[in-house]
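There are two complexes below, and they share chain A, which is joined by chain B in the first and by chain C in the second.
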Partner chain A sequence: MIAFIIRRLLQTVIVLFMVSLIVFSILQVLPGDPARTLLGPEASPEQVEQIREELGLNRSLPVQYFTWVGNAIKGDLGKSIAFREDVTGIIGEHLPKTIYISILSMVLAIIIGVPAGIIAAIKRGGKIDSLISVIANFGMAVPAFWLAVLCIYLFSLKLGWFPVQGYTSPFEDFWLSTQQVIMPVICLAFAALASFARQTRSAMLEVIMQDFTRTARSKGLKEGTIIIKHTLKNAIIPVITLVGLQVRNIVGSTIFIEQVFNIPGMGRLVVQSIFNQDFVVVQGCVLVIAIIVALTNLLIDISYGYADPRIRIK
Partner chain B sequence: MSHLLEVKNLQTHFTVDRNVVKAVDGVSYYVDEGEVVAVVGESGSGKSVTQYSGIQLIPTPPGKIVGGEVLFNGKNLLQLSGEELRQVRGGEIGVVFQEPMTSLNPVLTIGYQIIETIILHLKINKKDARKHAIELLKSVGIPDAEERIDYYPHQFSGGMRQRVCIAMARACNPKILIADEATTALDVTTQAQILEMLKDIVKETKTSIVLVTHNLGIVARYADRIYVMYAGEIVESGTTKEIFSSPKHPYTISLLNAIPRLDDPKGRQLIPIDGIPPSLINKRDICAFLPRCLHRTAACSFKPAPKLESVGGNHYTACHEDIKAEAILEVAAARAAVENSSTEIFHHRQLDNENLLEVKNLKMYFPVTKGIMKRKVADVKAVDDVSFFIKKGETLGLVGESGCGKTTIIRSILRMYEPTSGEVIFDGQNIAKMPKSKLRPIRKNISLVFQDPFSSLDPRQSAGSIVGEPLIIHQLTKTKQEYENRVNELFELVGLNPAWKNRVPHEFSGGQRQRIGIARALASNPSFIVCDEAISALDVSIQAQIINLLEDLQKKLGLTYLFVAHDLSVVRHISDRVVVMYLGKIVEVADWKSLYENPLHPYTKGLLAAVPIPDPFVEETRDHVMLEGEIPSVMNRPNGCAFINRCPMATKECSEVEPPLVETEEGHSVACIKVGKEVGL
Partner chain C sequence: MLKKKSKFLYLNIMIGLIVALILSGCSGSKSNSSETSTSPQKQVDPGKPQYGGTLKISSPIEPANLGVPPEQPGSGFVHMMAPVLETLGKFDNKGVMQPLLAERWELDPHAKTITYFLKKSIKFHDGTDFNAEAVKWNIELFRQAKRGEVDGISSIDVVDESTVKINLTEWNSSLNNALCFWIQMISPTAYEKNGKDWAFSHPVGTGAFAYDSWERGVAIKYKKNDNYWQEGLPYLDGVEYKIIPDAMTASAAFQQREVDASFYLPVDRVLELEKNDQYKVVTLTTGLGNRENGLIPNSGNPDSPWANVKVREALAYAIDAKTIVEKVLKGGYQVTDQWGPVTGTSYNPDVKKFEFNPEKAKKLLAEAGYPNGFKTKLISWPGLQHESLPPVYQSYLKEVGIDAEVVPVDTARMYDLIGTEWDGLMYFDVLTDPDLPLYMERYLSKKAKLYVNIDHPEKVEELIKKGKAATDPETKKKANLELQKAVFEESHMFFPLAVTTLPIVMYPNIQDSGFNETYGNVYSPEKTWLLK
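Right, the complex of A and B next:
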């Protein structure tokens, strides 16, 4: 198991290295000179040259890359062109908001999606199963941003239950914060929830068909015990895989959702910075998001070992 | 007198695509205390469903018990509430299932799975339950039970898992233990160990055992009484000796004629049961065995299905005709007369002295890697220095327990693996290291027939294109017409109707699919065919058809077979010479007669002793010397002789040198120091 974790860690390092290469090359492939963008069209060539010198843009690419990586490891992701501030600081300000709504969405998706899948599997072919399947299919088909617009129209504008947009830290005003995040969290969670319900349902059905479920029944166990102790423990393994995929999907969807609900998180920062041609910020954001996704996947792979003794004990 | 379990007129139906399948159609039987009752039948005969119906383990829907009574200790199980029924399940009736590999929950420790049952039924605390579980594991022969109780199922071998299942099934001292094909998936030696253990359980605890099986040998060795099932009905019942000495139902008679025995005269022609078991959908009230019956009369077609009637004492049969015991012989004689001429040829067939295949010092090692960098730390010697030859037109049997390297040998001969070293000389050319491009034209001369006719055919390809594919690959036919003709010819050769060419595999029965597999193997007109467990997935009545087909094809086409199987009776029937393997090495080679009649290696002796013979009278007189233990992992090969820790003859000397394969008489070689000394070598 230890060797497995170490090998997996090494793989993650390689992934991160490749991510850093791609992120770094964003700056190189995109049109326009960052120094020129920074200074505006009025600047003289001497000024541009001076800034290039300051930013290190006239050094060779490998040198630039290693300087950038070296600084990134130290926590310095460069200076934003638009905000004239440290990128690390900007990200530090936006990231917690995204993490907060993402974690809430993930938790919501799991605590509703997984039980829904279990119920659908137990009541296979019944009305509840059909209802859950219809909702799940709907959830997978509907884009999050469209759902968001619909929610705002209905719950904010028509019914007035929740504020239209905005974000407040839960530490500042918990009640207001909760009211504000309910809709974005539901919109973010919906697709993931649907996937969890479907995946859990099919995994459960498969496990219920297995010989060992019949063995459990032949021992005279109660149906409830069989589901909780025998079936679920096996069915949860493919669901764990799905958590990894959904982390990526939820983080990706924040780009739309934060835009619609006007939440100053990473997603909105990325969109803004693209419009500002603030590529240093984009670079930093992409790197940070990639690291988060890579690390969660690492955690998930490790957690397989705990869920499945066949991986843990050879 | 009331019985422990009495089933009366049980009817279980399944609804499949709006059709009613009468899986169990009016079955009545009983089980008394301390008895071993066998329920014999082929797949689809309803033998398992009958057993599961009583404790309601059948999936509902689609299954439904529509009638009958299951009286257990006077209570009708079919009328119990869920709670009461759960107390019977696992508490008073335990079940051991067929597949030990999948019958245990992979994510729970075996201890948890046993203790759970004990706490549920015996209502004792966790600590005592654990103690009891350890005792149980010891009683079924799990070494280091105190420690291994916390192991997960995947840390045990198949045989060990089945022991765990037995420990679990008898955890709460049930009155009845149902063993549903409980040893079918196991090696013959492990099978014998498990069955002996079950027999001891019966003796010690007065538990009754219901043996559900298709294996008549097991039945003859262990059962007190037998119920023979066919198409959801019991067609014959009686004591084991009655059934084997004077079978009365044509189906029972045909079954006994269809299976090869370890003590057969070699010339015996197996008499297959023609046709396939009937579909149970919308079953009519007529004798179900009628279309396959050799004793049918015109009157049978007009009468309703026969009922069980006594033919003396407790012996019952369901047949309109009064068939005497001599009938077996008459039928056998009649059939044999027809086949006689060809049988003669088969046995006096002149074998060429030329070797078609010669394997010299073949080694197939797999690296064992360790650590983060996956560096190689050792070799798994799956096949270690193996040499043998096959003459032209000969059938060489290859036997041994699972894990002995049989499959690896096949794969390295066929170059599905790249052999580590050694030579594979096929028709004069060494193909072991030949470049792939040069090997390709030779490939058409070697074919393979696979074990599982269900998974070895592409489900979306038509039967015709499956059979014709080798023709296209090797460009053996020039025109479309020639191709079609050849495919038709191949279909006829294996006894299939060429009009079925456009059907897909699932429209065929298991036996027919295996025929398709054989036709595919024959397509490129090979001289050499490797049969990898080619009949072991088939039902007994179908096995004989395929064995006879293989023998006929050999005669007609002069084929050479390498026949790999674990069923020693079949290997004996079909092989000219036999190779016995143990842990990657050959331990004995001989012609079939010397090997079966005068086995030298203690391992061969143990294997043969473990095979039950379908004849209770013969079984009574046989010594049941069991091979102890299990084949060790190739990773932990013992020093010296690999068989040392299971060998009754082993001494210290055996651990010092690896015994070489030496010829004791012409054509009979054995790798054992002791035997070598005895014959003075």
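Right, the complex of A and C next:
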């Protein structure tokens, strides 16, 4: 197991290096000059040149890239071109907010989606199954940003239940914080919840038909015990795989959701930095997001062995 | 045993990770709240200004820096620093510069000097004296940054504690306005002690409010300066800018009273909110600080059809500006055919009108040697409110035989083209202040570093020089009017479509803010109060 983890971590380092190189190259290929973007169209060429020199943008591209990589290995992600602040600090301010709403969304999606899938499977062909299937299909078809706009219109403007936008730490004001995160979390969770429900239903149906389920029933075990201890345990592997995929989807969707609900998380930071041509911040953000996704996948892989002892990681 | 141990370790890692992530998620500071804007009132006479409350303003954009004015891109963010940073003077609603931090000034065209006599006993928020040395230091900072506004200064003399003399290489009638408007005074002590990077996010000025906090992309907060030099001011406890990039969210936040006023909302949102009597929309009508948009041809390229002045004149006849503003831009803009709005002090009513006339345009194209029209490019810059313009321009040009291919570019590419060369027509968006020598020199003269790809008629160059050298207001006004004629009637250097009126949506209980009463986006935070 340890060898497996080390091998995966080494692979992750290579992936991160490739990701940073691709992001750096793409940002360099894009037209425009970060110094000019920073100063605006009315700045004189002398002003622009002065800033380029100050920010080290007049050095060759390989020098810029490898300097950045060298510092990143030491934990220094560089200094933002636009804000002149340490990228590590900027990410440290934004990342927790994204993680907070992402975790809440994932938890919500799992605690509603998985039981809904189980119920749909048990009540296969019934009204509840149809209802859950319709909701799940709707959830997968509806884009998160559209749902966000709809939520603002309905729950903020019409009903006045929740604030339109903003983020407050729960340590500062728990009630306000809860009010502010409800809509973004629901919007982020909806598609994931639908996927969990569909996947759980399908996996459960497959397992319910297996011989061992019939044997358990014939032994006179309670239905609840059969579902939880035997059927669900055997059906959970595809759902665990889905958790890994949904982490990526939720992190990706935060870009839209944070924009609409005005949450100062990583999504908004990335968008803002792309517009500012602040490639140092974009690189830092992509690197951190890539690390999170890679570690999540690693945890998912490790989880398989615990959920199903038949699977052995070699 | 090993299996149990691994399971235990795994569970611990998972629990630890989740707890750490949740805790770190919870550790951010409070950013946007839906708390009410006003604090308990200290004074209840409804006829007089009332103390207290925080003015909350939403903006879709924020500056990259708050405390280093020479590195500010344009005038769009001036209002965001206004609560903290002040200038030597301030425009009144007639466009005349009035003293603010200066007591008065003396302009001496013959001696080529401008002398500022400063108000006494003013201090920066860090306790540093605002004096002649501080003014000199601030102007020098602009010179070091190579800002065009301070071109032509040969030296700066500190005459005494409150008198500073600017010596010029040649007289420039625009310089006083430029110095008074652009140079927001910051504390030299704070800057030198903490460095430029620190100053970027820590403005230290003399204003009615002091810097409180800035959470990037979220909010900029200012708190009342209890030692403000204007006695009895300010009325507010604080000013807060909330950064809300999404127009729909900003509009909804305004309706929910999460902010008191909204800047830079798209016109369609403004028109929608305007229908509601609860809200007030104030637009800029003074002609100061407007941005103008239109089309600028690559007339400096001799191989381009646009190098021929008759082709450029045909452009003026080919496009129906009035209909575009009315039907496409749907308000929020005023039609113009010159530099600045029709209401501006430099507008010349004697300049020939080029009313929409496609037949006349075709005739001019034929005279220029293009009876069947020609192919060109139309470089468009998809800004917030102009996405719909390029196809409209394209259809008008098609009607007179000009086949324009729309080439959309992003902001960064646009900046590149502005400073180098472009092919055909390009979207044009500039600050059109009534001080024509100052601003036309910046965009349209041979000396300009922007829009370098255009023809530079000698007459325009001479008039800019004449306007700058003017020693009295009448001569300057005359030069301004002549410039309008030369640029728009004789040379057709660019096609002007409309000026934005910078609508601000606000709740009517905001009093004496001065929003849009003088210069675009400039207001008086020190005098603003909230009616409770």
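Just so we're on the same page, the second predicted complex is superposed on the first by the 266 of 314 C-alpha atoms of A that agree within 3 Å, B and C clash if a C-alpha of one lies under 4 Å from a C-alpha of the other, contacts with A are read in each partner's own complex, and residues count from 1 in each chain.
Basically, a residue touches a chain if its C-beta (ideal position, glycine included) is under 8 Å from a C-beta of that chain, and two chains touch if they have at least 3 such contacts.
Quick caveat: nothing in here was measured; it's all calculated off a predicted structure.
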| item | value |
| --- | --- |
| Touched partner set for A:S44, first chain B, second chain C, both or neither | second |
| First (chain B), second (chain C), both or neither touched by A:F190 | neither |
| Partner chain in contact with A:Q210 - chain B first, chain C second, else both or neither | first |
| First, second, both or neither for A:F279, with chain B first and chain C second | neither |
| Touching partner for A:F24 - first (chain B), second (chain C), both, neither | neither |
| Chain B versus chain C as contact partner of A:W68, first or second or both or neither | neither |
| Between chain B and chain C, more extensive residue contact with chain A | C |
| Residue numbers on chain C that touch chain A, as the complex places them | 6-7, 10, 14, 18, 21-22, 24-34, 64-65, 71, 73-74, 145-148, 196-197, 200-201, 215-218, 242-246, 248-249, 252-253, 255-256, 258, 409-416, 418-419, 431, 442, 449-450 |
| In the complex with chain C, residue positions of chain A that touch it | 1, 30-33, 36-47, 50-51, 79, 82-85, 90, 93, 95-97, 99-101, 103, 149, 152-153, 156-157, 160, 163-173, 176, 179-180, 259-262, 264, 268-269, 272, 275-277, 299, 302, 306 |
| Parts of chain A lying in touch with chain B, wherever the complex brings them together | 3, 6-7, 10, 210-212, 214-222, 229-230, 233-234, 237, 307-310, 313 |
| Residue ranges of chain B touching chain A (in the complex, touch as defined) | 55, 57, 85-91, 94-95, 97, 99, 102-109, 116-117, 120-121, 152, 154-155, 165, 168-169, 371-372 |
